[in-house]
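Right after this note come the structures.
Each of the next two complexes has chain A plus one other chain: chain B in the first, chain C in the second.
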Partner chain A sequence: MKIQANGKEVVLEKELTVKELLSFQKVEMQDYVTVQINDEFVNRDDFETLLVKDGDVVEFLYFMGGGCMAAERRLV
Partner chain B sequence: MIVITEKQYRDILEHSKKTYPNESCGLLGGIIENETRYVKKVYMLTNMDNSPEHFSMDPGEQFGAVKDMRSNGWLMLGNFHSHPESPARPSEEDKRLAFDPNASYMIISLLDEENIVIKSFNIKGDQIFEEKLITVSE
Partner chain C sequence: MSFSNEQLERYSRHIILKEVGVKGQKKLLNSKVLIIGTGGLGAPAAMFLAAAGVGNIGLVDFDAVELSNLQRQIIHLTRDVGKPKVISGMETINEMNPDVEVTTYKEWVSSENISDIIKDKDYDFIIDGTDNFPAKFLINDACVLTQKPFSHAGIIRFQGQTMTYVPGQGPCYRCVFLNPPPPDAVPTCKQAGVLGVMGGIIGTIQATEAIKYILGVGELLTGQLLTYDSLKMEFRKIKLPHNKNCQVCGENPTIKTLIDYEQAVCELKQS
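Take a look at the complex of A and B:
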């Protein structure tokens, strides 16, 4: 079956869960990854059970955050 | 080295002043030629934390920006955020959440409003490398 993953066609031998797909795509630190399938956000609790199906359009990206944090502000 | 236009520079400053005292954030889309990174578009994103000490980019806006970059043939070069009350250097939190060793992490310090500082960094684990930042006219 074929899916789109971050804009690229990916051929899979069988349906994979979201978690398996992320591993297949060599995505590390999956706890910090946000996933959309067909423009719908995937709940993190469903990563291990939700199957990616033929023709799905999957997008994933890393959470982006950070900040100066109070403790470090006091060091200025 | 990363290159931004004077307008992009002004837009980032404006966005960061507008979100003050909270941190601002956004993404940088562009191209890489001969190891020089040229910013083609700055995406001003919402800081979901609404905090002066932390930022989390709105994931829906992130996806939108990434899709726009892809449709234009650009790469995600990195991101920016402001430090409203601290210097332009990556915090421990910034280092912890810097997942891409190839990305440019731009930080705007509003600590001294008479001398606003923008610097760009590459972060590889605990190591921080300041990246040369050049502004050019449009």
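Take a look at the complex of A and C:
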């Protein structure tokens, strides 16, 4: 089966869960990635159960900082 | 307000555009844009907005210019090292365009002051030029709660992303990224590095969005995340739905006051 992941065609041998797809695609920092399938956000609680199906359009959205420190620095 | 001959000449390449014209240039001169963070993103954004004749520019930053900033923060010069960034930024803008009035806020943004800063001049548009997630979520929530449009952006290594929030017209930053990652979970530019021009590309897109919003022309990056990979030289637009369960702009918002999240430890050690 074929899916689109971040704009690129990816061939999968079988349906994978979102979590499996994240590993298959070698996505780093999986705990902080927002996943969208067919223009809908996927609830993080469903990552281990929701199957990515043939023809699905998947996007991984990453946190990106950058720019300039401008918030108050607080003790952790 | 009528234009002086000097202004007609200075803005002639704008005025000749039918989407801008005399009317649009007046809108720019009467507009107020707040730039939070005068670093990699804020520096080019501020310079292009100043050159464009945005009449009031607010600069927020507590930091002083460091030598390591100059590889990308082009509003600051070598002689500015050690100077507060907002002062250095103001001086550059003053030299670029005397039509621009600069207001400086030499402070960190926090839940205590951000709404007051936004309300100070009743800014029309806000640019998030910050590098860290506590600030990004704070700016998002403050803009949602005060109903102000803003441009989000992030850059790291060879990559960047940006989206525009306009109240009532699509998702906010929190619709996409529910909560900040824990401190230290996601690297900052200081830890991971960033190609200097990334701020130039993405910060200039933020300035473009501000100008388009003020002029009321074109399509904004509302409901879309623009991502840029400079190694592949690839831009992508990802459609973003509004999240009806969003904690701050959803149907039943639970966030009604601003939150100060914790900063990464590594940043503290170097501060």
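Operating definition for what follows: the second predicted complex is superposed on the first by the 63 of 76 C-alpha atoms of A that agree within 3 Å, B and C clash if a C-alpha of one lies under 4 Å from a C-alpha of the other, contacts with A are read in each partner's own complex, and residues count from 1 in each chain.
Just so we're on the same page, contacts are C-beta pairs under 8 Å (C-beta built on N, C-alpha and C of every residue); 3 or more make two chains touch, one makes a residue touch a chain.
Note that this is a predicted model, so its numbers are computed, not measured.
*Asks:* So in the superposed three-chain picture, is A:65 touching just chain B, just chain C, both, or none of them (first/second/both/neither)?
*Replies:* both
*Asks:* Would you sort A:7 into first (chain B), second (chain C), both or neither based on which partner it touches?
*Replies:* both
*Asks:* With the two structures laid over each other on chain A, which partner does A:41 touch: chain B (first), chain C (second), both, or neither?
*Replies:* Both chain B and chain C are touched by A:41.
*Asks:* According to the contact criterion defined above, which of chain B and chain C contacts more residues of chain A?
*Replies:* More residues of chain A are touched by C.
*Asks:* Which partner does A:29 contact after superposing on A: first (chain B), second (chain C), both, neither?
*Replies:* A:29 contacts both chain B and chain C.
*Asks:* Of all the chain A residues, which ones make contact with chain B and with chain C?
*Replies:* 6-7, 29, 32, 34, 36, 41, 59, 61-70, 72-73, 76
*Asks:* Once bound in the complex, which stretches of chain A touch chain C?
*Replies:* Per the stated touch rule, the residues are 6-7, 29, 31-32, 34, 36, 39-41, 59, 61-76.
*Asks:* Using the touch rule from the top, collect the residues of chain C that touch chain A in their complex.
*Replies:* 36-42, 60-63, 73, 85, 108-110, 128-136, 138, 153-156, 159-161, 175-178, 181, 183, 185-189, 194, 198-199, 202-203, 225, 236, 238-241, 243, 260, 262-265, 267-268, 271
*Asks:* Enumerate the contact residues on chain B facing chain A in the complex.
*Replies:* Residues 23, 25, 27, 49, 51-57, 59-60, 62-63, 66-67, 70, 79, 81, 83-87, 90-94, 96-100, 111.
*Asks:* If we count contacts the way the header does, which residues on chain A are in touch with chain B in the complex?
*Replies:* My answer: residues 6-7, 29, 32, 34, 36, 41, 59, 61-70, 72-73, 76.
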